[in-house]
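So, here's a batch of structures to check.
What follows is a pair of complexes built around chain A, which joins chain B in one and chain C in the other.
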Partner chain A sequence: MTLILEAAVLGVLTGGVYALMASGLTLIFGVMRIINVGHGALVILGAYLSFVLWRNMGVDPFVSLIVTMPVMFILGVILQIVFVRPLKTDREALSVLVTYALALGIEGLLGYFFTSNYVQITAWYDTASFPVGDFHITYVYVYGFLLCLAILGAIFLMLYRTTFGAAIRATMLNRTAAQLVGIDVDRVSAVTFGIGMATAAAGGVVFGITNAFNPGSHYDLISRLLTIIVLGGLGSLRGAVIAALVMLVIQDITAVVISPVWAAFVFFVVLVAVLLFRPQGLFGITVRDRV
Partner chain B sequence: MKRATNTRVLTAGGLVLLVGLALALPAIAPDSATTNIAVFTMMYVGLATAWNIMGGYTGYISLGHAGFFGFGSYALGLLLARLAIAGGYTVFLFVPVAGLLTALLAAAVGWFALRTRAATFVIVTIAFMFMLQLLAENLTSLTGGGAGLGFPNPRWRGDFYNIPFYYAMLALALLALVVSWSIRRSKFGLGLLAIRDDEDKALAVGVPAGAFKLTAFIVSAALVGMIGGVYGYYVTYIYPQFVVDPLIGISMVLMVFLGGLGTVWGPVLGALILEPAQLWLAYNYGASRLYLVLYSAVFLLVILLMPQGILPSLGELIARRRARLAGTVGAAP
Partner chain C sequence: MRRALIATVAGAGLALTACGAGTATATPTPGAPITIGVSVSLTGDFSSDGPALEKGYDLWAEDVNKKGGLLGHQVTMKYVDDTSSTQQVVTNYQNLISSEKVALVFGPYSSLLTKPAATVVDRLGYAFPEPAGGAPSVFALGLHSLFFVQPAAIEDNLVSYTNWVLSLPADQRPKTVAYATEDDPFTQPQIDKAKKLLEAAGIQTVSYKVYPAETTDFTPLALKVASSHADAVILGTQVPDAIAFVKTFISQHYNPKTIIETAGPDQGSQYSDKLGANTEGIMVPAGWTSGSQAYGNPTFVAEYIAKYGGTAADMSADSAEAYSVGQVVEQAATKANSIDNQKLIDTLHTGTYQTVQGPMGWDSVGKPQGGVGVFVEQWQNGSAVFVYPPSVAAAQPEYPKHDWQ
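Then we have the complex of A and B:
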C-alpha cells in the first residue's frame, strides 16, 4: 500500500513535468493545427544544452534554464519561420513530415556531437531525499514539479490575462476570423512555437536529471506526449495538464503493481479504451476531431 | 482517339520493358553489392505502393506502418520456429500466412484507430507502432525480447544468396502494384478518393466509408506484413527496434510524397530514387551520425520544394504545355 501511495505521489510530481512538455505541444497544435513530432527531440536537445553547461562550466541545471530557455525560444521562432510557415497546402500531413525530419536531423546532430552513449545530469538534489510518512521523496522531483507549476502558471496567466494571450486564444478558435480582426497570426504562430520550445527546454532539464538519455530517447518521449495530448483533447491546455497527471500516476502505479517494463504500455491501453468506450474524451472534450 | 491508343501502346511497352529489366537485373549485375541494393529498393517499391493505398488514396496518414512490417517479420519468424521449418524455398510459401496474420492485426487496430480522423489518426498510429515495439521487447518468452529472433538459414550461398530474396521482393512489389492499380480503377478506389476529399460528403452520397477505410487499411497492412516477413528471412536475425523501426515507417511515407501522393506510379518512382540514395548515404556516412542529418536534409528539401511530388508536378507541366500548343493550333485559322 505504501508502495502504491509512493508511486502515486511520484506520478503526480513527474506528471507535472509531462504536463509542461505536453502543454507546449498542444498549444502548437491549437494555434497552427500541426502535430510537432519533433517535440520529443527538442526536449532532448534542451536536456543536452543544460548537460553541456553543467559538464563544461559547472552551471546548476536549474540555473542553466536562464540561458537555455531563451535560446530554445529563439530557435523555435526560427524553425517555425523557416520550416513550418512555408507549408501552405495540406498543412496537417506535411507538417508531420517536416517536424519528423527535424526530429531526425536533431537526433543526427546530437549523435554526431555526443555519440549514442547514455548520459545523465547529476546534482546534489537528485539523490538527497526527505521523508514523507513511510517513504522518501527525492528533492529533484519536488523542485521539478514546482518549476513546471510556475511555468505552467505563467503560461495560463499569459493566455488569460494579456492581450497577446487573447490573440493566441483567438487564433486557436478561428484563424481566419483572428486575421480579419487584425491579429498577426504569423507572428502569433512563431511566438507560440518559441514558447513551446522554451517549455521543452524546461521539461528537458528535469527529464535529464531524472533519466539517463541519449539522442534516440525522443521516440519514447514523443509517443507518450502525443498520447497525452490526444487524451486531453488536441489543443486543450487544461486537458493536457490533467491527462499528463492522470497518465503518469497510472504509469507509476503500474510499474509498482505489475512491472516497470509494462509501465509505458498503459498509455496505449488507456488510449484504446478511451477511443472505444469514451470517444467523447476523458474530460468531456471530444477526442474525435472533425476536420 | 489516335493519341489515346498511342499512349496506351507506349505505356504497355514501357511496362513490359520495365518488368523485363527488373526480371533480368540479377543476370546483368550479379555481384552481391548490387543485388543487395536491388533487394532493398524492391522492398521499398512494395512498401511505398502498399502505404499509398491507405495514405494516398484514402488520405489517412499512417506513421505506424513499421508496426505492421515488424509484425509480419515476427509472425513469419515465429511460424517457422514453431513449425520447425528448415531453411529453403519452402519458407517463402509461409509469407502469405504472415500476411494473413498481419491482416487480422490490422483489422483489430483499424477497428479503434479508424474511429479517429486526421491528426488524431496520425498520433494513434504512432502510438500503435511504439506499443508493438514494446510488446516485442517484453513478451520475451514468445519473441525472444531484446535478444532477437533467428530465422532458419537459407540453403543457398555465395553471390547467389541475394537473388531468391530479390525475386521474392519483386513478386511482392508487383503484387502491391497490381492491387494498387486495380483499386485505383475500381469503384472501391473511387470511394476511397471520395473519402479523402470529404468524408462527410462521401458518407452522404452513400459511400460506406467505414467498411471502405477498414478494407484499405487491411489490404495496405497485409502487403507491408508480407514484405516484412521476407525482410526478416533476408536479414536472418531480427530485433524489436530494427524491424519495428520508425525510420522504415517514415521512409515509405517520404517516398510516396516524393513520387506523388495518391498516384499509382509515384511511390515506385519515389522508392527507385530514394532507397539507393539512402543506402549510399548509410554506406558512406552510416558510421558517424551525419547519415541522419543528411537524410533529414533531403527530407526537408523534398517536402518544402516539392510538396506535390514529382509525378503530379510533371503532369501539370505537360498539361500546361499541351494547353499552350492547343492554344496556338486553335488560334491559327
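Then we have the complex of A and C:
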C-alpha cells in the first residue's frame, strides 16, 4: 500500500513537470493549429542550455531559467516567423513536416557541439530527500512541481487577466474572427510560440536533472507529450495539466503494482475509453468546419 | 504471350540477382587501399555507444596502417549512421557491400542491430566479426560467418558475479535478490541466467521486473526495487537507467550489500560524472579493463589517451571491443595470407586469437569458445578495477558496499 501511495505521489510530482512541457505544445496548437513535433527537441535544447550554464559557470539549474527562458522565448519568436508563419495553407499537415525538420536540425546541432554522450545536470537536491511516512520524496521533484505551479499559474493569469491573454483566447476560438476585430494574429502567434519555447526551457531543466539525456532523447519525449495533449484536448491548457497528472499516476502505479510492460498499455486503454466518449479529449472544444 | 515473356525475363532477373547476392565478395588488387564498412549508431538509443565503437575501429586502422596496412592494403574506415534502427542497419550493410563495394565489414553496436545485420551480411558472402552482438538470439541464427569478439556469450556475462556471490561465506552471502531489466536482447538473457543460477543455490528472488527499452522514467521501477529491501540488486541496464536507478536508491536511503549493472558502470566518466563518489562499490561484468596486461592492451590504452585525451578511467569498453575486432581480422588475414572473406571465415573458425580482451576463438555459429570469460569489475576510489576471479583481481571485492555518500 505504501508503494502504491509512493507511486501516486511521484506520479503527481512528475506529472506536473510533464504538464509544464505539454503546456507549450497545447498552447501552440490552440493558437496556430500546428502540431509541433519538434517540441521534444526544444525541451532537450532547454536542458542543454541549463547544462552549459551549470557546467561552465556553476549556475544553479533552476536559477539558470532566468537566462534560458528569455533566450528560448526570443528563439521561439524567430522560429515562428521564419518557419511557421509562411505556412498559409494546410497548416496542420505541413507543420508536422516543418517542425520535424526543426527537431532534426536541433538534434544535429546539439550532436555537433555536445556529441552523443549522455550528460546530466547534477545538484544536491537530485538525490537529497525528506521522509513522508514510510518513504522519501526527492527534493528535485518537489521543486519541479513548484516550478510547474508557478509558471502554469502565471500563464493562466496572463490568459484570463490580461488583454493579450484575451487576444490569445480569441485567436484560439476563431482565428479569422479575431483578425476581423483587429487582433494582430501574427503577433499573437509569434509570442505564443515564444511562450511555448520558454515553458520547454523550464520543463527541460527538470528533465535534465532527473534524466541522463543526449541530443536524441527527444524522440521518446515527444510521443509522451503528444499523448498528453490528445487526452487533455488539443489546445486546452487545463486539459494538458489534468492529462499529464492522469498519465503519470496511472503509469507509475501500473509499473509498481502490475508491470512496467503494462504501464503504457493501461494508460492507452484509458485514453481510448475517454476518446470514445469525448473524441475532443477531456477539455477539448469541438470545432466545426465552416463551409 | 508478351506478358509471359516479361514474367520470364523478370523471373530470370530475380534468380540472377539472388544467385549474385551470395557471391558479392571480391579480392582487391594486391597493395591497393581497401575500405572497411561499419554501420554505427550516431543517433537514437545507442548514440553514446556508436562513437565509442568508431574510436576503437579508427585506432586499430591507424595502427595497422602504421605497420604497412592489412597485408599491404592501407585501410580506410567508412561509417554510416543507422540511427539505432533495425531497418536502417540492414540497409546500411546492403549499401556498403553492394554499392560501396567495401572489402570487409565490421559489426555495429548491440545484439538488437547485429541480429538483422548479420543475416544480410551472411547472405552477401561477407565475414561478420562484430563487437557487441552476443545475445542467444544472435547465435540462434546459426550463421557460420559471424564472430562475436568478446570473451564470452552475453548470457554468461554475470556468471563470474554469481560465482563470486556463491563463494561468500554462507552467513555473509545475500539471502534475497531484486532483479530489474530492460527487455533488450543484451540485458535480459544475462539477468535471467543470473536469476536461475542464484535461485538454484537457494537465494530468494524478492522482485523481478522487466521494463520496455524505450522507458524514460525509471523512478517507479527503482522504487519497486528499493521497497523490496533485497540484500543484492542485479540490474539489466544501459547508461541512462544505470544512473537513474542508483540516484533513486540514494534518495530512498536504500543501500543493498551489493549492486551490479550490466552496462553503465563500464562507460568510464560518462557514468561516474553523474554519480561522483557514489559509484563506490558498484559492480559491472567486464571482459576488459584499462589496466589489463592482455595482448596489446597497454599500447592501446596509451594510444587512445594520446589521440582522444582524458584518462584511462574515461575509456569505454566499447572502444576496446571494437579494437579487438580489428586485431582478430588482422591475425586471421596474416594466417590465411588473404583478405578474401570466405578465407577469413574459414580461418577464424580455427585456432585462438589474441586481443586486448584476452585470447578467444569461436564455435561454428560465432559463439566465443575457450576465452578467459567475463570478470567482475567494481568501482573503488574513483576507478573501475577487476575484483573477481582472484586470478585477474587487482583488488579485493568491497563487500558489503559502503553506504552512499
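The working rule: the second predicted complex is superposed on the first by the 257 of 291 C-alpha atoms of A that agree within 3 Å, B and C clash if a C-alpha of one lies under 4 Å from a C-alpha of the other, contacts with A are read in each partner's own complex, and residues count from 1 in each chain.
Simple rule for what comes next: a contact is a pair of C-beta atoms (placed from the backbone, for glycine too) under 8 Å apart; a residue touches a chain by one contact, two chains touch by 3 or more.
This is a predicted model, so every value here is computed, not measured.
Asks: In the superposed arrangement, which partner chain does A:230 touch: chain B (first), chain C (second), both, or neither?
Replies: Only chain B is touched by A:230; chain C is not.
Asks: In the overlaid three-chain picture, which partner chain does A:97 touch, first (chain B) or second (chain C), both, or neither?
Replies: first
Asks: May I ask you to decide whether A:268 touches chain B, chain C, both, or neither, giving the answer as first, second, both or neither?
Replies: In the superposition, A:268 touches chain B alone.
Asks: Figure out whether A:83 sits in contact with chain B (first) or chain C (second), or with both, or with neither.
Replies: Only chain B is touched by A:83; chain C is not.
Asks: In the superposed arrangement, does A:29 touch chain B (first), chain C (second), both or neither?
Replies: After superposing on A, A:29 lies in contact with chain B but is clear of chain C.
Asks: According to the stated criteria, A:111 is in contact with first (chain B), second (chain C), both, or neither; which is it?
Replies: The answer is both, since A:111 touches chain B and chain C.
Asks: Where does A:10 make contact in the superposed view: on chain B (first), on chain C (second), on both, or on neither?
Replies: It touches chain C, and chain B stays clear.
Asks: Applying the touch criterion given at the start, work out whether A:276 contacts chain B, chain C, both or neither, answering first, second, both or neither.
Replies: A:276 sits against chain B, while chain C stays out of touch.
Asks: Would you tell me the residues on chain A in contact with chain B in one complex that are also in contact with chain C in the other?
Replies: 107, 111, 115-116, 215, 219-220, 261, 264
Asks: Considering the complex alone, what residue numbers of chain B touch chain A?
Replies: 61, 63, 112-113, 115-120, 122-124, 126-131, 134-135, 137-138, 200, 246-247, 250, 253-254, 257, 288-297, 299-300, 303-304, 307
Asks: For chain A, which residues count as touching chain C in their complex?
Replies: Going through chain A, the ones touching chain C are 2-3, 6-7, 10-11, 14, 107, 111, 115-120, 122, 126-129, 135-136, 138, 210-217, 219-221, 224, 248, 251-252, 255-256, 259-261, 263-264.
Asks: Which residues of chain C touch chain A in the complex?
Replies: 42-45, 47-48, 50-51, 84, 183, 209-212, 214-217, 219-221, 223-224, 227, 239-240, 243-244, 247-248, 250-253, 270, 273-274, 276, 278, 404
Asks: Please give the residue numbers of chain A that touch chain B in the complex, ascending.
Replies: 29, 33, 35, 37, 83, 86-87, 89-90, 92-94, 96-98, 100-102, 104-105, 107-112, 115-116, 215, 219-220, 222-223, 226-227, 229-230, 234, 261-262, 264-265, 267-268, 271-272, 275-276, 279, 287-291
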